[in-house]
């Protein structure tokens, strides 16, 4: 029954990688809390780098600076 | 003043259907809690089936299997 | 499979009212989009009036002013 | 370490405006709570006007009516 | 830089279990997407069983029925 | 009409500080995007330090180590 929301920047994650995140997050809830995987929901949000900020600047700006 | 976030897979919901979700969710808050509809916000997020998981697998994979 | 998050101020909603929100939101997704109710998740968040703002002020301040 | 999520309708915010939101929200947390800006995350979500409702109707419908 | 939000019912998860969720979710992002763990944020929300619904009823009601 | 969610650790923010966050975030949306403050909603979530992780560990653990 848990709900997991994973938010990452949109920088080319493949369908396989997103499936691995979903599989891994579901298994984590099984392992740690014995949650039922059948009703565990995982949603991956991919956010444009212009829309994600850390340290007060966008990821777009950071990538340009090489961080 | 309530805020309602409805997250569904992106599988062809029409503008009319999304308007019906917004109307219905707003009315629900009026009916149950007498909330003011004028400041009730409803946001519908449509999520790619590759990015939505249940039971540890993506909805894309489930649809392929016929579930 | 939808996920619905209803956020309201914590101002005395009863368990029965919260159950009505859950029932109503689930039914809304069935009616509008034929979603499977068995995997539809609804989470109600109740937020202190000091922590909820509209119009640039807290609900606590608005309630004191009689709005 | 704070996480700020700003949700707006997708109506032409520029990259510069989104950078200003990120800068401003990060600074707000520094000013009010002395939070460390280096680990403050700000995510801007832009939502289609068909998917955003207020007063029980979509922003698309409101814009057509001139509100 | 990812942000992960894990929402579970409040049913006695210990501090150790929550630490394990945080550690595991952070590691998952490292393993699958090589994300920097130092800026990965994980937030666990524990929600009262009266406030969590699935299948149109609250978890409180389900627990009473023995599900 | 924007919705802003500010999530911080629960470490003693006062009602005045939370009101300042609400006022400041609302003004930011006015200044940058000319949004209507009357329908701008800001919600502050305070999260226990056991439930907030960064760098793979809880804030509780970090505070004990003096970070």
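All chains are identified by letter, namely A, B, C, D, E and F, in their written order; residue positions are counted from 1 within each chain.
As a working rule, a residue touches a chain if its C-beta (ideal position, glycine included) is under 8 Å from a C-beta of that chain, and two chains touch if they have at least 3 such contacts.
Treat the numbers as computed from the prediction; the structure is a model and nothing was measured.
*Asks:* Enumerate, in label order, the chains that touch chain E and chain F alike.
*Replies:* Expected: C, D.
*Asks:* State which chains count as neighbours of chain B and simultaneously of chain F.
*Replies:* C, D
*Asks:* When chain D meets its copy chain F, do both sides use mostly the same residue numbers (more than half shared) or mostly different ones?
*Replies:* Interface between chain D and chain F is built from largely the same residues.
*Asks:* Among E-F, B-F or A-C, find the interface that matches A-B: by residue number, over half of the contact pairs should be common to both.
*Replies:* Most of the A-B contacts reappear at E-F.
*Asks:* Can you name the chain that lies farthest from chain C, using the mean of each chain's Cα atoms as its centre?
*Replies:* Result for max centroid distance from chain C is chain A.
*Asks:* Using each chain's Cα centroid, which is most distant from the centroid of chain B?
*Replies:* F
*Asks:* How big is the gap, in whole Å, between where the Cα atoms of chain B centre and where those of chain E centre?
*Replies:* Here chain B and chain E have centroids separated by 21 Å.
*Asks:* Chain B: which residues touch two or more other chains?
*Replies:* In chain B, residues 1, 3, 7, 25, 39, 41, 43, 52, 54 touch at least two other chains, as defined above.
*Asks:* Which pairs of chains touch one another in this structure?
*Replies:* A-B, A-C, A-D, A-E, B-C, B-D, B-F, C-E, C-F, D-E, D-F, E-F
*Asks:* List the residues on chain F that touch chain C in their complex, please.
*Replies:* 15, 18-19, 22-23, 25-27, 37-46
*Asks:* Provide the residue numbers of chain A that touch chain D in the complex, in ascending order.
*Replies:* Within the complex, chain A touches chain D at residues 7, 47, 50-58, 60-61.
*Asks:* State the interface residues of chain C toward chain A in the complex, per the touch definition above.
*Replies:* 1, 3, 39, 41, 43
*Asks:* Sort out for me which residues of chain A touch chain E in the complex.
*Replies:* Against chain E, the touching part of chain A is residues 1-9, 13, 17, 20-21, 24-25, 28-29, 31-33, 35, 39, 52, 54, 59.
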